[in-house]
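Listed after this line are the structures, all set down as structure tokens.
Each of the next two complexes has subunit A plus one other chain: subunit B in the first, subunit C in the second.
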Partner chain A sequence: MTQLALLIDLQRCTGCRSCEAACKLENRLGTDVFRTRVLWLEDDTGPTPRLEFVKAVCQQCERPACVRACPVVPKVLHKRDTDGIVVFDTSRCTGCQECVKACPYHAISFDYEHQHIEKCTLCHERRDQGLEPACVSVCPGRALSFGPVEELRTRADLQERAIRDVDHFGLRPSTVYLEGQP
Partner chain B sequence: MTRRADAANGSLRRRGRALFGLLPELAKNQAEHPYDQHGPRPEADHVEPGGCTFCFNSCSALFHLRDRQLVRVTGNPADPVTRGRVCPKVQFLVQLHQNKRRLTRPLKRIGERGEGRFAPISWDTALDELAEKLDRLRREYGSEALALFLGTRTGALTSHGYSQVFAEMWGTHNKTTTDPYCGASGATALRLTQGFAGGANAFTETDLGSATFYLCVGENMAETRPVYFGLINDCRLRNGARMVTIDPRLSATAAMSDEWLPIRPGTDMALALAMLHHVFANDLIDHWFCETWVEGWQTIRDFVLERAYTPEWAEPITGIPASRMHQLAADFARAERAVIFGDRGLNQHANGTQTVRCFLMLCAVTGQYGRPGSGYMTIASGIPFGAHAPVERRPPARPGLRRSPTGWLDAMLTGRPHPLRGLLMTANPMSLWPDQNRAREALRSLDVIAHCELFLNESSAFADYVFPAATGIEVGDVNRFAEDRRFVWIDKQIEPPGDARPDSHFWIELGKRFGFDDVLKDEYHDPAVFWDAMMIPDEAVRGVTVARMRRSPYRWVRAPLPTEEAAEIETLFTAGSTYLGTGKRFPTRSGKLELWTRCLEEQFRQVGLSALPEFYTDAGQLMPLPHLEYLSSDAEEGVRSPFYDTYNTRGARIVAPEGDHLPGAFDLELVTGRPSAAHFHSWTHWLWQAQEMWPDLFVQIHPDAAAPRGIADGDRVTVQTAHGRIDAVAWVRAGIRRECVFVPIGWGERQPFHPWQSVNFLTGSDERCPISEQTNLKTTLCRVSKRGRGDIPRQSSGDPTGAA
Partner chain C sequence: MHPNGSARRGRAHLAADVSAPGAGVVPRVEADLRPRTRPPAELPDRVLRRYLAALAAAVVVWYVVRPLLPGWAGQPGSPVLHAVGVLGALLLLSTLLFPYVKRLRQRGGERAVHHWHILAGATGAALVLVHASGYLAKAPGLLVLAVLGLVASGTYGRLVAARLRYLEFAGDAAAFGAVIGQDRQVFTDLARAKTAVLARLEPSAAEATFGLNLEHWIRRPRVAWEYWRLACAEERLVTNRRTAPASRLYQAQRTWRLAHIALVTLLVVGLGAHVVTVTFFAGYAAEAGEVYWWYLRR
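Let's look at the complex of A and B:
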């Protein structure tokens, strides 16, 4: 399996939320439903206050908590063998939201109007047409890229960019966050 | 709190919002979330290049259409500047063109002015009635009693074309755009210095992307020009260039920079002078460039040194350590290629023009000028384009009262120096104009007001007639003008909703009723015909024809372009080049950069000032600093502006601060500005997703200022100044000067999702730069207090017409 993933460059994300707009337009999401959100994280603890923008999105974990939490049989969510993307089937979703609670990255939202979950699938329909995920295609900051996770990590090494460890929960997330300003 | 509890709580919050918050409102208005439908998105049958019309960035775009309906908007990958990148606003165009709240028929006021009650009326009847009222106004008070205000929403064809011809044929100079609130100071300073009122550089990797040092001052590019900032930041990181941002708050731009230096609002001029002092005192100037290409640099040097405008002098004024200013000046002067990005943070002050001049002086004396990757960039267009009526068809008219509409209020309220009784307006002055309490009183007093707009907004409520406008691909338009001199052509693709019509329809058809139709011809209903025939008479834009723009796969072309076949120029004023037919490198009188000349000195003397950069700032400061005292009020004629000769202005003199300067009741500095990349002025507030991203009006306040006032993050607070008071939500964050609070522009009390009063209830109308007429919107003393328990009263947007 070639695990596909997003790369998010924290030196280049300006917090503009263009990716959120592209995502909703592509996936036809209404208010209060998100497949990705950009967080403005403020750190006031040091001598100089800092502001950092972090795109919160599905980590396409190796051991996805959402899949494990889903009580429906067969499961609404599953990790695809081919590309490692965690996909979901809205027609089977009962609306229990166990997966929403289980995901520590807050990457799954719930569509109350249509009673099913929504999460990032790296725009698999666009990729079938040979296109990049919608968010990657619009990003004004050129902060996003997409590809096999090993390639993304190798590229980071070659550019001597540090990768931020976001695996606080032992789920082995795939999304690659390049460290921001030192 | 454990992670799980936190997540559950978050889920509860979300559920609560869905049950009691926005969702029921939206459920009633399915059109508000047009994407939110089951089944696949309709695939486009046609993709047409064009551009976004929201802001002045002039980003190209691809419009995806199906059955002449817009289904999505993306960037244009063929565009060498944007490379297909777009900000959120471009994508919101779908929500603009498919919006249930759009005005679809003309309305006539039936309630009191400001109340917002209307009845439907036909276009023809409304225009007939309006024409009759305007005619009466002209007979009673003269043609100058009519004013025209063209907001940003209107588009360049209308603001610089149709309405300009109408105003000239009607006989009034009381016509203006948003420029006096936006780019005026920068444009004026650039024109005085380099003879061209815009930036000379381009957003390309080879020009602005190639700098080795970036100074962003009063500039939040990351949020106001997301795509260009993305390009610059990407180049900067790849090239290892340094970026320093000077701003009272830790803006997105400051957050991306290598260093953020918080500054006291309105004192950027002191910073520039201190940097100049360091450069002169340490002989860091580019002697060859100064001797060859700079006029009056010795005069400026002698003045700055004699006044001892040292970094040590500037430290208590700006709040920036002197050592940092020394270093900044040295880094800037020694950089191989250095760029200053300066914007509304410099422009919107009583010292706006002088501040920008000082930064231009810094670029000039260090030789950071007229080279790729070196120079001063700001949102302004120096390219002279626009339509004019034939001279013989322009009746004589008195000079405009003031270049800024802020200076019209006395004439509206008191009839002095002459009555101003009618207003034709677009966009939303009742959110944008400063001193809203007075501005609204002024509008209430008028005899006739007409409003062309997309949505029934705060301004519509004051209008006698509201005309439903069309925009962008509903019309066919030229996308304003980018600061790097690009014009983007947008073809008409879809029909406007209902009986909405292009702004051009209003001006041409109203003009007919006064016999203007031999100039504002019927054939000019076609924007392409009007553009080619009327908008590009100047040599600088003669080649910017619709055919030339259409020939480009990304629909834009960069001016100056004297012929259709001419080559585009990436960087202006480079060594060995001459500007158009002037035969000079810089299109000034001397052909050099003019920092000080006798002619400049004479011009400045006419408004009571000197072309020498004597430091002053806005009057409302927490420490005693020199500021302006105006020599007349707006109710007096004033003097003819030597800088904008169709307008009068007020003279002023610099006065020393009073000895007993004490903060008094107002103990915080209020700074206003753009909120985010998602919003542009007020019209994005009718788009659900922009409001979802940035819903409520907020006040950024430092924890050290919030704590003693008992204010916690998210609290409802009241902000009060000498001019008015509003409520907002506190955003407590350390990324702002301790003495400073920031409240964004663009909100209004009639907006559909999160109505709040405009921040301009807090700003004043008196303080303006005597050179550019730009209003101070960035330094107003205020106080902030926690609101008591209970809901904030919000005026309902309601359904004011039963018709709209």
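Let's look at the complex of A and C:
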């Protein structure tokens, strides 16, 4: 299986939230429903305070807690064998929100109007048509890229960029965050 | 129909690719405003609110006019109220179908059963309140309290907690921060232990995506218990490493379902005791008074 993933360059992200808007438009998400958000974080640990922009999105974990938590049989969420993306079936979701609670990255949203979950699937419908994920296609700062996770990591190594380790919970997240340079 | 005459799917298209030749710096967005292709809306809030309000009004009206009606209206065991009670109890019990349907190997129907769960639960609760007919200070009054608690917790979960879920999305910024000095070996060890147990429980399953279901508990309860303990240990570890603030709202959202499940357990046990008592021990239930309802003689 080739695990696909997003690469988020924290150095290039300007926090413009174009990706948020594109995601909303592509997936027709209503008010208070998200598949991604850009967090504006104050970092005052260094000698000078700075603002960091971090795209919060599904990590397409190798051990996805959300899939394990889904009580429906067969599961509403499943990790695709072809690309390792965690996808979901809205028509079978009962709205119990067990997966929402299980995700420690808080990257699963709940569509209250339609009573089902929403999460990033790296726009698998667009990709089936040969397009990039909506967020990647609109990022004006080219902070987002997309591809097989090994390729993304190799690219980071070639550019001598540090990858941020966000595996706090042993879920082996796939999203690659390139550290910003101080 | 798309402006260029070609048929397009019913979703918005972001055809922009800033890296594509000829594309401008500003992404080009083609929006197709045809109707959604999403599944139909769940029970709309306004319908549900009105239905609950109508049921509540009906119960209030019943309690207001009850003293003006003939004697049967004040006797929960009278033929009419007995039938109302039986119907209410059956409706309440039928709501238990939902947790089983979604955990059994079925395809389709989960949403319809969920709608039934909500509507039958609310209707059954109203019928039980009518059946109780003012006998709230007696032992079965506890059942009425459980029914009211069920409706309250269910209403909170469906109309309040679910609506506030959006507050939690990306609510833990620290999860996207760098790992500093955290021990991950404990997760590796747990995953290894779970894999070993899973080999006995469901050899073809992968630990990474496996979740216990009813079938496992029925087929291999001891092994399922062993696996469940390891899964709980992992969940506790993950919870301990979360840094999201445990606000009162957050806690309430996490616990309403537990309250709902505890109350339904109380209701099922209490209902069983109530039916057995009034059917087989009618004299005891009547407290040496007249047994005016249908019962079985010993």
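The criterion applied here is as follows: the second predicted complex is superposed on the first by the 179 of 182 C-alpha atoms of A that agree within 3 Å, B and C clash if a C-alpha of one lies under 4 Å from a C-alpha of the other, contacts with A are read in each partner's own complex, and residues count from 1 in each chain.
Going forward, contacts are C-beta pairs under 8 Å (C-beta built on N, C-alpha and C of every residue); 3 or more make two chains touch, one makes a residue touch a chain.
Just so you know, these numbers come straight off a predicted model, no measurement behind them.
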With both complexes overlaid on chain A, does A:Gln181 touch subunit B (first), subunit C (second), both or neither? first
Is subunit A touched at more residues by subunit B or by subunit C? C
Considering only the touch criterion stated at the top, classify A:Val166 as touching first (subunit B), second (subunit C), both, or neither. second
Touch check for A:Ala107: first (subunit B), second (subunit C), both, or neither? second
Would you sort A:Gln11 into first (subunit B), second (subunit C), both or neither based on which partner it touches? first
In the superposed arrangement, does A:Gly95 touch subunit B (first), subunit C (second), both or neither? second
Does the superposition put A:Arg50 against subunit B (first), subunit C (second), both, or neither? first
Please indicate which partner A:Thr82 is in contact with in the superposed arrangement: first for subunit B, second for subunit C, both, or neither. neither
Touch check for A:Glu20: first (subunit B), second (subunit C), both, or neither? first
Intersection of subunit A residues contacting subunit B with those contacting subunit C? 18, 22, 25-28, 32-33, 97, 100-101, 104, 106, 109-110, 112-114, 137-140, 142
So in the complex, which bits of subunit A are touching subunit C? 18, 22, 25-28, 32-34, 37, 39, 41, 54, 56, 62-65, 67-75, 78-79, 90-92, 94-97, 100-102, 104-110, 112-116, 125-126, 131-132, 134, 137-140, 142, 164-170, 177, 179
Report the residues of subunit B in contact with subunit A in the complex, numbered from low to high. 3-4, 7-8, 10-11, 14-15, 17-19, 22-23, 26-27, 32-33, 35-38, 41, 72-75, 84-88, 91-92, 94, 222-223, 226-227, 229-231, 233-234, 237, 250, 252-256, 258, 260, 676-678, 688-689, 692-693, 703, 733-735
How about subunit C: which of its residues touch subunit A in the complex? 11-19, 25-27, 29, 31, 36, 38-39, 41-43, 98, 102-108, 110-111, 114, 162-163, 165-166, 168-179, 182, 184, 186-188, 190-191, 207-211, 213-215, 231, 234-235, 237-238, 241-242, 244, 254, 257
Taking the touch rule as given, give the residues of subunit A at its contact with subunit B in the complex, in rising order. 11-12, 14-18, 20-22, 24-33, 42, 44, 48-53, 97, 100-101, 103-104, 106, 109-110, 112-114, 137-143, 181
